[in-house]
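Heads up, there are several structures right after this.
Presented sequentially are two complexes of subunit A, the first with subunit B as partner and the second with subunit C.
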Partner chain A sequence: MSSTLHRERLEDVAFRAGYAAVLAFLLLPLVVVVVTSFSKAGRIAFPPESYSLVWYGEFLQSARWIGAFVNSLVVGVGTALLATLLGVLGAFGQELEADAGGDGIVGAVLVPIVLLPLLVPPVILGITLLLYFNEVGLRGSYTSIVLAHTLWATPLVYFVMRSVFSRFDWQQLDAAHDLGAGPVRSFVHVVLPNVKHGIFVGGLLAFIISLQEFVMALFLSTPSTETIPVLAWTEIRQALDPMVSVVSTFLIVISVAAIALAALVTNLEWVSRQLS
Partner chain B sequence: MSEITLDGLEKRYGETTAVEDVSVEIEDGELLCLLGPSGSGKSTTLRMIAGLETPTNGSIAIGDEDVTDLPAYERTTSTVFQDWALFPHMTVLENVAFGLKMGGVSKDERRDRAREMLERVQMAAHADEDPTTLSGGQKQRVALARSLAVNPDVLLLDEPLSNLDKRLREDMQIELREIHEDLEKTFVHVTHDQDEAFTLADRIGIMNDGELIQVGDPDEVYERPENRFIEGFLGDTNFVDASVTAATADGVRVDTELDAELVVTAADGTTPDLETGTDLTLSLRPEILSIHGVDEERADDAGVRDARVAADGGTRNAVTGTVENVVYRGSTVRYSVSVGNSSMFAERTDASTGALSAGDDVRLEWDGDDVLAFRDDGDRVMP
Partner chain C sequence: MTGANSQTLPTALASLQERLVGESASRRALLLMAPLIAFELLVFVIPFATLLRISVAAPSSEAVYAEGTWSLEAYSEVFGDLLAGDLLLGIVGYSFLIGTVVTVLTVVIALFYAYAIRRSSGLVKSLLLFSVVLPLLTTLVIRTYAFTPLLSPTGTINELLLSAGLLSEPIQFVPNTVGAVVGQVYIVLPYAVLAIYSVLATMDWDVVEAARDLGASRPRAVVEVVLPQAMPGIIVASVISFAWSVGAYAAPGLLSDDLTFAIYVEQLILGDLRYPTAAALSVVTMGLMLAGIGIIFAVLDRFGGEFDLA
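Take a look at the complex of A and B:
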């Protein structure tokens, strides 16, 4: 009896250790990137021979990098807004439809179409969209990149919202209608306050997706709309200096901060539910 | 005026029919209970009156207005939901004021009216609390206040008491009854609990399998149920399979699985024309049965007894059997008695007189005109 228990504990420890090792192995490159960003030398080397913030200074003085940073923020915020709107409405529509009795046009047709971009290789999407946007005169605009990123981000927001809505008590919507609130007002006054944290998390997710996306942005951006990953790629091809590490560090920090924020928001919701 | 007219109401979900051809006139100021087992379509019917479900066929009118195509938020109905559906992101007061806010009532006025409503249901002290912290009974009161605050013409109650414990439920039934008398509004109350329906209702509508089988006063549906389902649903009874041996003016003689020939009579002397061999189901409610112990000597010739004429002119029936078990149920004692190849139960309200125990031989007696008889399609034929 006690030997089984002993063995179980041993297995548990071994599993955890193995899991931690795999995770560490996967995350190690991030550490390397962050460390090299503090390098003083002109070439990326790990570990750096001496440390300084000189490349951070370079970054802040480079109009091109700052421009790319702004571009990424603009595209990221645009994507977050559009993808959140579409993802929330899609998930909400499907819930309403299911509530009214079974799958209709939203569940059977719209949702599979919305999910499709996740399955198409980004290179193909990028080329196709480039041709398409040329035709409709959106080439090189922020709009074109936002739309491309939205194709990817919308299904993810949709998945987040499906799970958020599955925890929503739909009888509340009935109650709101019953008390005289029309479709818009019942959504604003009753549904929204109950799912706002979920919407926020979905929006952050869309923002991160956009921030990291490279392939489609490469096809669709011009020098005036190039995003950070696009510029980084261009720069790496010319010189492997620690500037790339600095930029990557910024991206990592922003992503981690966004995830931390999302976790904080959902946890606050959880904490407040535990307290009530 | 806010009488409700349902005409040929039907609701289908794909292949399944939830509500089928429901037609009823609910009078202004009446409290109608829709009573039926779960899945009988009573909640769906209520939700169609509220406008929360769209009927597949048929029409709904409130007063003179056809509201069939009117969405819920434009109807003058208000619903108390089974799980109360209070808004968790609002305080109790904000919950009650919500309908007024949607109705465009000014901030000060809606706060005053919401407070008034909370006082009416004795929840004013909890006005600023988070509704999720309330007990079931308190939530129920808040939900009621929220629905009444919009001053609806019709109040719809979708089993709001079913999640409360028995004691609280009974208190709330009385309170609801008082509120109804006070407001003189039309109430439609859905429940699966026959006691609740009898306590509350002016009239009861019995639903089963999506159909409204019978609408009537409580005593009418209890004493003269239209079919066998209602008889079984409205309380415990002994169903006995029988077959007609002779139908005379004095009553119908039947052969039964109790190994006894019994007589069913109609109190008004009308006997239906039933052919010999017609299959019937008799219903013998425990309250019409009297149970007596049989002495040892008489038990020998017992076994089976035929019907005999009782002193009051009605036909007295009797069978004998053996007590199988005794269940003490507080105010009553219930005896299971094996009779012939079958088993019946009877009750005594007073446990002290002549205590019977398992194994005792007993005689069960009843009046022939207290028995209900149903044809095999379920329709009542007698009385």
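Take a look at the complex of A and C:
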């Protein structure tokens, strides 16, 4: 009996040490980024030899970085809006189709097509869209990047909304219809209040996906539409100064603020459950 | 001004409503799905048809490809190179090797970590969840690059190991395959953890307690009870890890000198302007990758767990 207890104690220690190691692995690069952003030297080293805010000053004076920051926000907001619109309408439509007892053929074809872009390597997507947008004259526009990012963001919004809608009590909608509310009014007054958190989380996910994505953006952007990751990629390959760390630190701060906001609107565990 | 707006908006809504009421429920559903269908058609299906078309066009020395021609030259070139065991075989093989190694490592670590999150509570649980979400919010390029000062021959880890006397000379983790694998695992791990955790979070934990009460040791309870139930999450985690790692671009580009398929295709397009070859190689790699995903499904499905797309 005591040997079992002893073994379980050991298991506990190993278990804790194991997840502490993964935790360190996940957070260490972020620590490197934040710490090196305060370095004084012109080269990234960890830990830095001396600290200063000199690279923050550089960032605020760099028109190119500020421009990339603005570009990322424009593309991110555009992607969030478009992906949310498409994903919410699509998921709602499919739910109605199932509810109406339709044969569901459209939905059955739609699901794999919506999902497939997530599995196509971004390089192939980037090249494909580059060739295509050249032909239709969208090259170098914000629209081209927003469309590409929406291809990745829509599946996430769509599946979040599917899981949200599947938990919605559809009899409420029937009740609204019976009481004389039309489709638009019943959606706004009955469905929307129940799913608005899901829509918010979906939109936030879409925005984050867009902020992150860089391979497609690398192919599709021009110097005037380059986003933060694209500029970071170019910079890292040329100079190894801590500017990229400064930008990233800004992004971490913004993101943490966004998470805090999301946590206020809903709660973190719920968010992660929606990611399925 | 506001008066005019508040009048036109309800009118517009009313006319929209009139049209929607007129439709049957399934027509209405179709109408709602229409924007998504149109989008996928215009931005995904047609562009891919274009890619397929270019892959069967003849190469040209004047343009990036000879428009309006039909030829299997690009495919015979790709397959010829692959079968001859040339440089191309090395590149494609290397990409799939990285994909496989990264997938196995990622899924094992993710399963463990998701289980740890599920088992913990309170502040620890919040911290562990936060550690998964936070990397997702940092620019991929930069957080991947952050491994360089840690893993380089003069980097933190080598210096620690050297000063502890565990090494006699520094190991070159970057630029090297080790660096590419570590960076790629780091990129896909958060997604894999979330995919598995989302299943574990809704799982009935009483079953595990029951297994324990019936005398199963903890590892055995995990293998026989938790694992089968977590299988849908494990499948999703494996598929995304594999798909994203075979096509990896950033991690190998930043942390190793080796050519992966993605970097090679980029060179073909932007450097050599050999569009048909690049298109054909993309199509072939996609085919191999989908076959790999099929194998993952087949293997994991045997361990139980019903998987449903939606």
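Methods note: the second predicted complex is superposed on the first by the 247 of 276 C-alpha atoms of A that agree within 3 Å, B and C clash if a C-alpha of one lies under 4 Å from a C-alpha of the other, contacts with A are read in each partner's own complex, and residues count from 1 in each chain.
By definition in this document, a residue touches a chain if its C-beta (ideal position, glycine included) is under 8 Å from a C-beta of that chain, and two chains touch if they have at least 3 such contacts.
Everything numeric in this text was worked out from a predicted model, so none of it was measured.
In the three-chain model built by superposing on subunit A, subunit B fits alongside subunit C with no clash. In the superposition on chain A, A:185 contacts both subunit B and subunit C.
In the superposition on chain A, A:194 makes contact with subunit B only, not with subunit C. By the touch criterion stated above, A:224 is placed in contact with neither subunit B nor subunit C. In the superposed model, more residues of subunit A are touched by C than by the other of subunit B and subunit C. Of the two partner chains placed by superposition, only subunit B is touched by A:175; subunit C is not.
Measuring only between alpha carbons, the smallest separation of subunit B from subunit C in this overlay is 6 Å.
Comparing which residues of subunit A touch subunit B with which touch subunit C, the overlap comprises 102, 182, 185, 276.
Across the complex, subunit A is touched by residues 13-14, 47, 50-52, 71-74, 77-79, 81, 83, 85-89, 98-99, 102-103, 130, 132-133, 146-147, 150 of subunit B. Residues of subunit A touching subunit C in their complex: 8, 11, 15, 18-19, 22-23, 25-30, 32-33, 36, 44-47, 85-87, 89-90, 92-94, 96-97, 99-100, 102, 106-107, 110-124, 127-132, 135, 147-148, 150-151, 154, 158-159, 162, 182-185, 208, 211-215, 228-229, 232-233, 236, 244-245, 247-248, 251-252, 255-256, 258-259, 268-269, 271-276. Of all residues in subunit A, those touching subunit B in their complex are 101-102, 169, 171-172, 174-182, 185-186, 189-190, 193-194, 276. Partner subunit A is touched in their complex by these residues of subunit C: 13, 16-17, 20-21, 24-26, 28-37, 39-40, 43-48, 50-51, 54, 109, 112-113, 116, 125-150, 155-156, 186, 189-190, 194-195, 197-199, 201-202, 218-219, 233, 236, 239-240, 243-244, 246-247, 249-250, 254, 261-262, 265-266, 269, 275, 278-279, 282, 285-286, 289-290, 293, 309-310.
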